[in-house]
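Please read through the structure below; I'll follow up with questions.
The letters A, B, C and D name the chains in turn, as written, and every chain counts its residues from 1.
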Amino acid sequence: MSFTELKREVYEANMELQRRGLVIYTFGNVSQIDRDKGVIAIKPSGVSYDQMKADDMVIVDLENNIVEGSMRPSSDTKTHVHLYRHFDAIGGVTHTHSTYATAWAQAKQSIPCLGTTHADYVHGDITCTRELTDEQVNGDYELETGIQITDAYQDRDPKAAPMVIVAGHAPFTWGKDAAQSVYHAALLEEIARMAYLTRTLDPHAAELKKAVMDKHYLRKHGKNAYYGQSK
Amino acid sequence: MSFTELKREVYEANMELQRRGLVIYTFGNVSQIDRDKGVIAIKPSGVSYDQMKADDMVIVDLENNIVEGSMRPSSDTKTHVHLYRHFDAIGGVTHTHSTYATAWAQAKQSIPCLGTTHADYVHGDITCTRELTDEQVNGDYELETGIQITDAYQDRDPKAAPMVIVAGHAPFTWGKDAAQSVYHAALLEEIARMAYLTRTLDPHAAELKKAVMDKHYLRKHGKNAYYGQSK
Amino acid sequence: MSFTELKREVYEANMELQRRGLVIYTFGNVSQIDRDKGVIAIKPSGVSYDQMKADDMVIVDLENNIVEGSMRPSSDTKTHVHLYRHFDAIGGVTHTHSTYATAWAQAKQSIPCLGTTHADYVHGDITCTRELTDEQVNGDYELETGIQITDAYQDRDPKAAPMVIVAGHAPFTWGKDAAQSVYHAALLEEIARMAYLTRTLDPHAAELKKAVMDKHYLRKHGKNAYYGQSK
Amino acid sequence: MSFTELKREVYEANMELQRRGLVIYTFGNVSQIDRDKGVIAIKPSGVSYDQMKADDMVIVDLENNIVEGSMRPSSDTKTHVHLYRHFDAIGGVTHTHSTYATAWAQAKQSIPCLGTTHADYVHGDITCTRELTDEQVNGDYELETGIQITDAYQDRDPKAAPMVIVAGHAPFTWGKDAAQSVYHAALLEEIARMAYLTRTLDPHAAELKKAVMDKHYLRKHGKNAYYGQSK
């Protein structure tokens, strides 16, 4: 894939964030990796969606060096790069401050699996990371944010839970490419909203039973999936 | 009615789900039965609303066999078929994961009749089904979901309560045809939202008194109805 | 004003209900009185906003007889007529089931004056009526609904509180004409939403102090008003 | 800057309030100062956004005298003028009754810094002012509202917290010009909404730790900022 094509795909995925109501002003950013070339394309920092063009996307290598582009890349670039280096199977990363997912992050609570909408896309809870120490905050902050996330996946397949919430901050999601990471960001926001409504209606609402969690997740994922047209 | 006409009506009803804000991406599905021909038309599985055409609807018989169509039918087809077999008077079925109705399903609570908006359309509460056993989940899951629903109507007329919520899952609604089942899905979402707001404002808010429940339901339904232009 | 002009104004006011998000499907109705002719124009019963034309409005006299029109008037007509007979100074009436105002009605609670947004438009709380007895429900129900409302205003000027919520049901609002009654319906919904958010954030949030209630109400109303361009 | 240009900028900023969903009807007002000329332009009182033209903006001096304009200025003009006189560094002021920020004002609670979305724009909490005494309410009310606000900033830089909520009333925000004050009003509404959701999910949700508050604020502000393209 040429840099032009990569930037175009990342641009389109970023614009979808705004269309789905997941961002306002300059909030959020999406990237995609070209693993053959060892580079990612990512949104420039602090540019509003209304003024952004495909050619404004910045190409960065996996040591966080700018390879092509006249603008400064997203201030969260190091977090994205860390996720690509650590999670071999992913091709796109999205970061938003979408409202309901961010409320769970601010409450520093993992989102429990309360229903099949959640179970269809995530196997188990949507984890809220541990908090950073003051040293980590004052050190290489954006890299530490990446480490916060990957530490939460030491015993977990990132494909089985392509979304996480960072304590006190906001969500990150990923997928096979930029577009799918945005899709997961939109699903997360809806799942977070349903879980908020459920728990404010009944603070003791219980998690879905394990058999249903497995059933729904496996209807859509893995070799015995039977949802959709071509899995 | 020809298959073409049946598919057209089911397609339009599915598209209405998106216009009413009841679904995102590939969520939800609507079907309609032709009782003379013994077939239903239903949304194909996992197809997004933006790309769907009327001709993509799948024709299935009451033994769940595909009669016409090149795509796989909704993974919830067996639930729909069970409802048509069990509820003689219905002509259309809708399944969504609409936000507020799903929150009640996740809280595993029936929606109590708290006001006349509810009483206008449903006589009594909107029942939350029992949960499935692990065996049922691991057995013929989508058929068992249908049985969960019909079990809740053993002593109840499905026309007097054309909407139900499945515990831990989401709502199903029905009507005389596909379009009316979608209408009931939209009404359910609004009723569920009002009930959520009422109960979070006052967890002990009481049910409407029986006389008002009857009055409002019978203003709109039955031989003495006086709402609307031609009942 | 000719019947044609009266119907046109009432039609436009009804359509505004939909544009403001206060109704779905056939919910709600607006009327306006011509006191010289002793008639009101009102929305026909059970007609959806998308299909309604100005000429569908029904002209009814103050004994609830149809004077002109081929359709059945709103099933709530007797409530409207009672309000016009009882409140001399009003020219328009609106009924909706708008979401937040209806939630307060379902909780059977008056909306306390918690802030200046409320105080700008209503002097004191937005009263929730008493409930009807079973006899009243089974008697002349829509007339009794009107009496429920006027009973709540025995010691109160309807102009100082142009909105009320009927217990277990939904709001009615009024104004100098149909358009202003819709304006009050939209303001009520926003005030109800703010009060809901305030009380779920802090169930003990106190009412605004009397001096601020008076100040804000009198900034906008009465002979010393100084808000706006020409009072 | 000519009066015509000043009025144009203030008009555009006022219209943006409506596009961002921060006002309905005639709610809200925005102003901007020309410090060289010693005048501000401000929205006229009680005019709806749909009918307003740029030339309707009113030019007022810092003694609250009308310098140019045929309409009455916003009834909140004295509050704006007091803020410009007291906060040297600001160039624009916005007042809204946006829903979630107003709910916090009605609950008379400051908005705690619960996450990085807040920390990105405000250093510390978003203060709720003290209440006015009855004497102050019945005195020069709009001036007293300004004093309420500036009293809350005696030990605080208004640039580090360009937004405040007035107890029992609603928010005021400011910025280097009218447009930036509207931007802060929109950010406040989103921050207020996230904080509402967090605290209703967990009433004891803790404030963000100091190190993260500082980190996020200083990523975007001050001489070591590294967010965006040109700071």
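Observations on the structure shown:
Criterion: a residue touches a chain if its C-beta (ideal position, glycine included) is under 8 Å from a C-beta of that chain, and two chains touch if they have at least 3 such contacts.
These numbers come from a predicted model, not from an experiment.
The pairing of subunit A with subunit D is characterised as different-residue: of all residue numbers used at this interface, under half are used by both copies.
Superposition angle, subunit A onto subunit B, using Cα atoms only: 90 degrees, a multiple of 5 between 0 and 180.
Between the CA-based centres of subunit B and subunit C the separation comes to 33 Å, rounded to the whole angstrom. Once the centre of each chain is set as its mean CA position, subunit A and subunit C turn out to be 46 Å apart.
Along subunit D, residues 200 each make contact with two or more other chains.
Viewed as a contact network, the protein chains form a single closed ring in which every chain touches exactly two others.
A complete list of chain pairs in contact reads A-B, A-D, B-C, C-D. Of all residues in subunit A, only 114-117, 183, 186-187, 190, 193-195, 197-198, 200-202, 205-206, 208-209, 211-212, 215, 219, 226-229 touch subunit B in the complex they form.
The touching residues of subunit C, when paired with subunit B in their complex, are 24-26, 44-47, 71-72, 75, 97, 99-100, 102-109, 131-132, 134, 137-138, 141, 168-170, 196, 199-200.
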